[in-house]
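Note that the chains take the letters A, B, C and D in the order they are written out, and that residue 1 is the start of every chain.
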């Protein structure tokens, strides 16, 4: 991404890790219902949010993502009984960790979107894209990587 | 043993027979009462009907005095007082903001940590065994109906005292005195205490129901631990009889009366001669 | 305070919407038979916003605050607290059932008595109450009602003729002042 | 790798907003891509033929179909590949329809995104490995836990379909609650008349093995291959020798024990059969009541028994059963409102347990039942008097958040109506009163049934709850309210029957943990989906039916039981189960044996294992995934601190390759 890009014409890159059984299907339904949203998002299908560890999230920023979305089933609705419960617990730790190293928390989003919530999927994507567009490119992430980690 | 003592207006007023009974009885059991210095009225029904803040502030003043004087447990023989003190204490303990506000209003630091006990709980602390040992005149002729009224057990979440639908703690004490405790229906039914002055109809009706059920279940006296219950059942009994054209002649004792008499005190010593209905 | 279900919720520390109208409160109320509007109906009136009827009834003044209704409510609605709140709102909005005046006068006299003495002076209470109630209701018999009892009470030592007073009455006065500072109910 | 990429136009659906030719062009130059073509309808016959031809001719080793959602057609294209000898797990889809063409209208941006999506899929396929579907054999034998009407129905259905069934019942006889009911709504047919023949069928069925007086101790294994340990409690009677003559129990001097079957309304001896129609009709000795077992004195029954069936030395036995599927049908109990039980609070105000004439619904069933302790004559427990006024109270313990139970028990409205009718049919000059909050009678002929109770049999219904029951001279005083007239009311009753809440049977939580299935906050077993998978659980091969899943009446319990049986038969219709091979595997060399994964796995699919040398000496410990149990959620992968677990199909390499392709 060129340094001269202004915030105005900046097109953020957003990576979404989603659960195969809910949010992925929610996105499918958004398609079936022709609910338009900005094309900045790239969806990676995983069996369950339980599969997502934070290295994956960090990896996305490393590859130039300006924001990351993690989305799975509503609490209690997990296809795998309690996979998303484990995910939630880990994210809580992850959050503390990220905040600790000075990570910009406005660039990571966790939501629950069920297979029926096409509208919600659309709204979330629009919302995140706009927010990230306003924030500008996440150039600072490189600096974070280079900073000494205890 | 020493314990803090909050008599409340009733025990220093028309129910001074109750105060005397409590003092004599607990004295005999070696329990010394340390009266709260310069205590104020708890506000009773009037405060919480008319001004919510006052309903906390008045009890808070008393709790503040107790805390200042290092009293960590006190007896409030009137259940109305004890409920108001407990409610205020719990509200204070739960809220930092309220503690600050109330400390300002009553001009004294108050945290709500003081334990408030009713008369039955004090007997429980003394211990059944100790009471039993002190009994010299078992009350073998007594068939008592224990009457708790409403405020000894309700609201249950706050008072956390006995089973609020079928309390038995008074019966346990009565039995230890060699008396019989009969089972009856209206142990926790209200006698209309707060309405004595302004709605006599209600009070007489409730008292009548209670006295009738007591008699129907074969009791020869009623035991209470509340000054208001005593007023309504004892002082007003003649009115009940006149109104409903019946004769109850049912003596009403304070729990401490029976404990005292079982320990050998005379009726006069316990103040029983000052009751309206005499056995 | 304007009557609203939020106001009642706030004053009673409860949620009136939780009530599903089972009537258990009314079934157990010791004075239910005398009430013109039953406790469950009062909760319903609050739910549906019909405050005039709820405040104007006699029932809220017949309630003896025994807490039976709240203790047994399957939805943990503080029904006794709702009646308490309705009483406060009724006084504040001056919608008071005629039959209830006496009760309010009594409570006001009671508080004044404490404000002055710090403790209750029963003789003064009875005296003032009876003259006030007399003025308001003109119910002459009431004036003499307990006078039948009074002599007996005195002979039995049940009345302190002088009554007790606390030492620091000035402080009691200040406590009252502070509690009434934000209005007669103690809050805005 | 030789990857073929096939971009579909989906008619106009994709092509309208994505320039498919441009996409195919852009992809052609990617590393590993052998060919890249676009076509109008990939899923059509000609489309699939073209793909197969390319696989054959181009010797493709990987396939990406850029088209619709994988939930739509991944299976289709994997099948096509398999037909050409290409491992189906070398096929991936790129979702350029639902996630791209249908939601973006800017053609240029949509085309760019489509290219990105396909690049991710190509990157993934490059890391794919051929996988073989996991095949597991099926033990065609089922276990049913709980022998109430639901368990009986499930067992008979499965056995009649030709499979063996092991039925485990905790009590000495099967039959459950229904065996003790009088007549049943909405038809009022005699409960025992319709149930006992079914019980006999179970007892005599050549393919049903019955373990009564037994409980499940442990469950191991996975769908198709469970190993269940059953504890057979000491019965002190050898039922293979016993012929049920009754000489023993007729002579037993310990006659004053409360009968469980009569819910305490009748008495039984220390050696007893729970009821005459019991299956098996063999006695059991109550070890808490028999003086021989307690104090070593008596032994009369053993002397009377001509067949030498009594054995005071009997011990509990553990038996292992191999089964392929398990049906839980453990039913319900009525809550005890006499005392506080954990989260549930008692009803001191109703005096249950204090007043003899305040009873619950099941006790009333025994009083009206022809086989009951009163021979079907309605007599009240305290003094045997015929009650002339009976008050029935609905929703006791149900719909009462304050007492800890917010749900509706669903059947009581119906059985209360039934009780008022049965009462009126037996006591013509009696009056039944009902206090209710709402009448819930949503079944075939149910509303009509309730109306009949009111219109024909004169039951008086009062809308309102009861606040207090007291007793006066042998009369119960019921204080309630009729909110419809707005009046508190008092009824003097000779008998009060409480419709108490239905709760799951005792011990169901521990059974659920053994079976690794869920249960709700009240302890009812959880179905997999309330509408679409109502008898399945989240553990493959474990089914639920009857009142253990939620309050239910007999018709519903039986319908569910047959549904559960059908699911079992579906499983047994195959010799082998194939399971998606997308399961986890532990790298045992690097595993640090921290066992975080063991604790984290929602399916208990990971075990702790020892690696030993040939002499049996421990080399190291490791985690090991049981591929039969693993459902492929990937939780363990994310948890493992040493990165020693990986999930086939979604390996670290695959996922990272996808992210990296996004640069």
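To be clear about the criterion, a contact is a pair of C-beta atoms (placed from the backbone, for glycine too) under 8 Å apart; a residue touches a chain by one contact, two chains touch by 3 or more.
Model, not experiment: these values are computed from the prediction.
In terms of C-beta pairs in contact, the better-connected of the chain pairs A-D and B-D is A-D.
Rounded to whole angstrom units, the spacing between the C-alpha centres of subunit A and subunit D is 36. Annotation: 53 Å between the Cα-based centres of subunit B and subunit D.
Centre to centre, using the average C-alpha position, subunit C and subunit D are separated by 54 Å.
Each chain gets a centre from the mean of its Cα atoms; for subunit B and subunit C, those two points are 21 Å apart.
Along subunit C, residues 68 each make contact with two or more other chains. Taken residue by residue, subunit B touches two or more other chains at 164, whereas all remaining positions touch fewer.
Contact of a single residue of subunit D with at least two other chains is seen at positions 349.
Remark: the chains found to touch one another pair up as A-D, B-C, B-D, C-D. The touching residues of subunit D, counted against subunit A in their complex, run 69-71, 95, 97-100, 102-106, 109-110, 112-113, 116-117, 120, 518, 538, 582, 600, 602-603, 631-635, 637-639, 647, 649-650, 655-656, 658-660, 662-663. Residue ranges of subunit D in contact with subunit B, taken from their complex: 347-349, 351, 354, 470-473, 477. Against subunit D, the residues of subunit A that register as touching in their complex are 13, 15, 24-25, 27-32, 34-39, 42-48, 50-53, 56, 59-60, 63-65, 78-83, 86-87, 90, 122.
Residues 11, 30-31, 34, 61-62, 64-68, 70-71, 80, 84, 87-88, 91, 102-103, 105-108, 110-111, 114, 118-122, 125-126, 129, 133, 145, 149, 152-153, 156-160, 163-164, 166-168, 171-172, 174-176, 178-180, 182, 184-187 of subunit C touch subunit B in their complex.
Within the complex formed with subunit D, the residues of subunit B that make contact are 163-166, 185-186, 213, 216.
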